[in-house]
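Letters A, B, C and D mark the chains as written, and numbering starts fresh at 1 in each.
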């Protein structure tokens, strides 16, 4: 019983983290048709920004702890915004209209550049921002002790998902964006400023990536290479859910999160294969992912 | 068998390479061996790119080729290099025939991700296989060539180099023909307009399947040669970043000519090795900027430097 | 007369939209049938279903008396039913000649060769004959993207004919082609078709073109066939005039109800 | 002009261009013999192993080479540079996999003409390099990698040496420490990265535990993917089994994240953590690691290095240069460089002469030299493998200062299998011939 409860709790926590990481990726793909390999780097930049800012805050005269949560989010927003605008305006804008796969490679080049760029800015020593993580304490459920920060993360992730959904479904800007997702040519014909929508979307995506990194930073040691590790995970979640679908990313994250937690508790030897196994299975039966749209070419 | 001009030039360049091997320093021979062997894997990536599919999992066959050669010598007493390389290609073909059944249903990003997933599953299996050394891998040695054991060191290195050049030449000539033959051209047709191919009464899936299996064999050959040259195999060969490197080299060279992957692989190796020497802390950044520069200024790859003037006539 | 293509209560629904409703069509060997109807009337959907590109929701399709329901486009093509497209479906990075050569190779075998060259002398010679037959020999070595719309349409149709089909479905062969070129284009196509003795069904907006070439007209409206018969009778039909041709006796100045 | 360019010449041009490029590169190699002692230093400068291992090692190499060139070391290493020759270090990134490392090793030896190579954190790289070192007849010191297969797979190695300890020593030492300090422990658990290092470490640890602590049982083992960073499910799985000791061979960011998360979730309060590589993050835990957590340094290195003159001096210059205390990878790098210096100066060549690889190997084989970690005996694997003791201790953090308490050392003969005996067999047979104090 305890382990079933543990699977549910661990699975949801992991799923909420996966969703945070994958949301930005799927938004960018949905609107811009760019599968962004550098998404992991934005995650890492968010983590580094947050960890260095929060670390600095606590090392220099302890203010109230709650400020550090604002700093976490603030660091991510600023970092995501700056990097997003620079990359979109400075690089991607030159490349629009190129082949989808070529865009993957371009972002791969960006990844190589950003990984070393971060090393130049932050070095290779670990950064920590553990105070926000340990500050919230933990809750005991029998043998199982759960970090409150992790539980809060589930809430944040759910709120973020709902917020994104509401923004897409309930606001005018969201409607325009959906039009672009649905049919770019018609959207252009209707007078949508696609260029502007691209900038907004890309910056939103990078900011989400940076936010995921910033919210993860307190629980980990921020070191070189953390971004590389999340890319394939995020890709898998997004592909499982259906590229470009927010709801799909949420379901994909839950599926992977729960499967992984179950494997850790019941069949640890399969843990390494879970994510690829789930992805292969889903794609074998639903080639476009769970919520992907099958597009029949008009002839 | 009539050879056309391209084939004769390829043969001459290969001959020049072999001769050059006798006068060049050991590190250079090794660098060229690895570059040419990897170029064979890249040929596999390029074959699929021509048909519109980008494999982010070609490391799968690179790894299968390498491990088959290694395991053949280590566990099954297959010490003859040619036999081991052939076995590697055979295993790759069998696995590709199975995976191809599923993979040819997918296009674009889904194909890329699924091929990546299969490669990562092999990586996982190898990491779990402690008898194969897990992530440390194992060494490949004591191989022979038609019963002759090249002396360790420079002798064996030189033999692998020559074998790689010869294998590269054979593959290049075959691919040169392949790209002009039915499956080769029609695979490009599939990339350009799959619906039309279907309405010509052809099965795009069958074509892609044949192409996928052929590409797997070529890539496995490259993996086997790499294993012989480095004398070591490990699961990193199947890791997705390895496959990413192959795509990198493929784009560097472009799809313009069968020689492009070879040139690109050599250029890549030089850029990387000197970047590591001169800027050991930021060599990846150098590679990133190189890739961006190629994409922006040479959208058809390095080969467009050689063949600027060609437009009407197609290879 | 023998029936080559027959559909029985063919239905297609896209969600709530009904694109085809109880289509019962019989085409006889040697007929030249015109299909008219406004945009969205279900003409292309009909061709797409018959050639296996779209799966009908319900119904039956018989080709030469045998069911071809659920067959792939390539199986149906191999069985002898070819088609052309509203927007010419060509290989944009190849020359006109290479487009034809690919089609020739496809017609010869469903399993192309791995090593013998596609551009054999025999295929080049045959392709050149076809270029002449369709009057596009000037574009032999041009990329198809650099060729005028009319020539592209002709190449598209030529590629369909290379497989020696028994029946050819032409989806708006003259759309996007200027008024002056239309007749020339259609004459070329119909000459070739007659030489091959092919049954033809074509979708056309231009009533002049329709009247000039066809022996029978099917009028589509909102997924249904509202009239079927001799061109003069169908075009005179009040319902057709109300819903399809828009009260224009014959369209001298416009290009139909497009 | 463009049209005249024939197809044929085009191909030839491209082929020859590639060769010319190569030949030009070859030409630059001759600049090497410049009267300096050139040493290739290979360690991680990028990727996750750079922070904990690579950069401290590279820093140690840099400061030590600088000081050696000034002749600032205490005796017996007070001679300038190596044998009176200035040292020139060529630093190479170890990231990128074994194939690439073999390529770079050949470049170091054949293009850069280094006189010796020191390096390799990754066991896979060590294993791939060993046969190449023999082939190229180049004196090579593996300074950190721990795989027992290094000399087991290469029993005839002549040019390859290792001044660090075999990884089985870490885990035999860890069990001995538990048996000495916590003999009543019965519930053991482990969490390892799912790759060779983690798998081998856990195999050695559990085997040694069943020999030395027969009452103890393994209640849970977890093998998360390397660099996963998030261990929520694993910590739950461990927690519900109520272990008394949790062993982990994690390192770097993974280890720090594990400690952070396991501590916050109470696992490290209910169970004692035992981290075989724990010392590498000594300065970064602060109050995030619980007092009493057992850490090791893979030998008498880092915080566990003795207070001898050499080490005091080394800690001083390192601290001066980087404002940090050296962690174990730094000490190990220093040890390898001192080993090289010892070999070069005892190879029987004249002052300011460079010994050949054979002479270096002969001098190193079976040698006993002084190091920052005390006396090092090259006493295993035919004199190619260092034998030293190992120390474990508990982490304590009070008033902003971290320290080690309850350190216990075990002599080399106590934790190292005798010559010619594989670690696994030695453990299985119950450590015959072990000499413990």
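Here, a residue touches a chain if its C-beta (ideal position, glycine included) is under 8 Å from a C-beta of that chain, and two chains touch if they have at least 3 such contacts.
Just so you know, these numbers come straight off a predicted model, no measurement behind them.
**Student:** Count the touching C-beta pairs: is A-B or A-D ahead?
**Tutor:** Most contacts of the two pairs: A-D.
**Student:** Which chain has the mean of its C-alpha atoms lying nearest to the mean of all protein C-alpha atoms shown?
**Tutor:** Closest to the centre of all protein C-alpha atoms: chain B.
**Student:** Looking at C-alpha means, what's the farthest chain from chain A?
**Tutor:** The chain farthest from chain A, judged by C-alpha centres, is C.
**Student:** Any idea how many Å lie between the Cα centroids of chain B and chain D?
**Tutor:** Chain centroid spacing, chain B to chain D, equals 34 Å.
**Student:** Report, in whole Å, the distance between the mean C-alpha point of chain A and the mean C-alpha point of chain D.
**Tutor:** 35
**Student:** Need the CA-centroid distance for the pair chain A / chain C, whole Å please.
**Tutor:** Averaging C-alpha atoms per chain gives centres 48 Å apart.
**Student:** Hunt down the residues of chain A that sit against at least two other chains at once, touch-wise.
**Tutor:** In chain A, residues 115-116, 119, 228, 269, 272, 299 touch at least two other chains, as defined above.
**Student:** What are the residues of chain D that contact at least two other chains?
**Tutor:** 45-46, 194
**Student:** Got the chain B residues that touch at least 2 other chains?
**Tutor:** Residue numbers touching two or more other chains: 127-128, 195, 281, 283-284.
**Student:** Would you mind writing out the residues of chain A in touch with chain B in their complex?
**Tutor:** Of all residues in chain A, those touching chain B are 35, 91, 94-95, 100-102, 104-106, 108-113, 115-117, 119-120, 228, 232, 235-236, 239, 243, 269, 272-273, 276-277, 279-280, 283-284, 287-289, 297, 299.
**Student:** What residues of chain B sit close enough to touch chain A in their complex?
**Tutor:** Touching chain A from chain B are residues 54, 102, 105-106, 108-110, 112-114, 116-118, 120-121, 124, 127-128, 195, 240-241, 244, 247-248, 251, 281-285, 287-289, 291-292, 295-296.
**Student:** Give the list of chain D residues in touch with chain A in this complex.
**Tutor:** Within the complex, chain D touches chain A at residues 45-48, 50-52, 54-55, 194, 221-225, 227-230, 232-234, 236-237, 239-240, 242, 252-257, 260-261, 263-267, 281, 284, 286, 288.
**Student:** Any idea which chain D residues touch chain B in the complex?
**Tutor:** Per the stated touch rule, the residues are 2-3, 5, 7-8, 10-16, 18-19, 21-23, 25-26, 29, 45-46, 90-93, 97-99, 102-104, 106-107, 109-112, 123-124, 127-128, 130-132, 134-136, 147, 149, 153, 194-197, 199.
**Student:** Chain D touches which residues of chain B in the complex?
**Tutor:** 5-6, 8-10, 12-13, 16-17, 20, 24-28, 30-32, 34, 127-128, 130, 133-139, 141, 152-153, 157, 226, 230-232, 234, 236-237, 239, 242, 259, 263, 266-267, 269-270, 273-274, 276-277, 280-281, 283-284, 306-309
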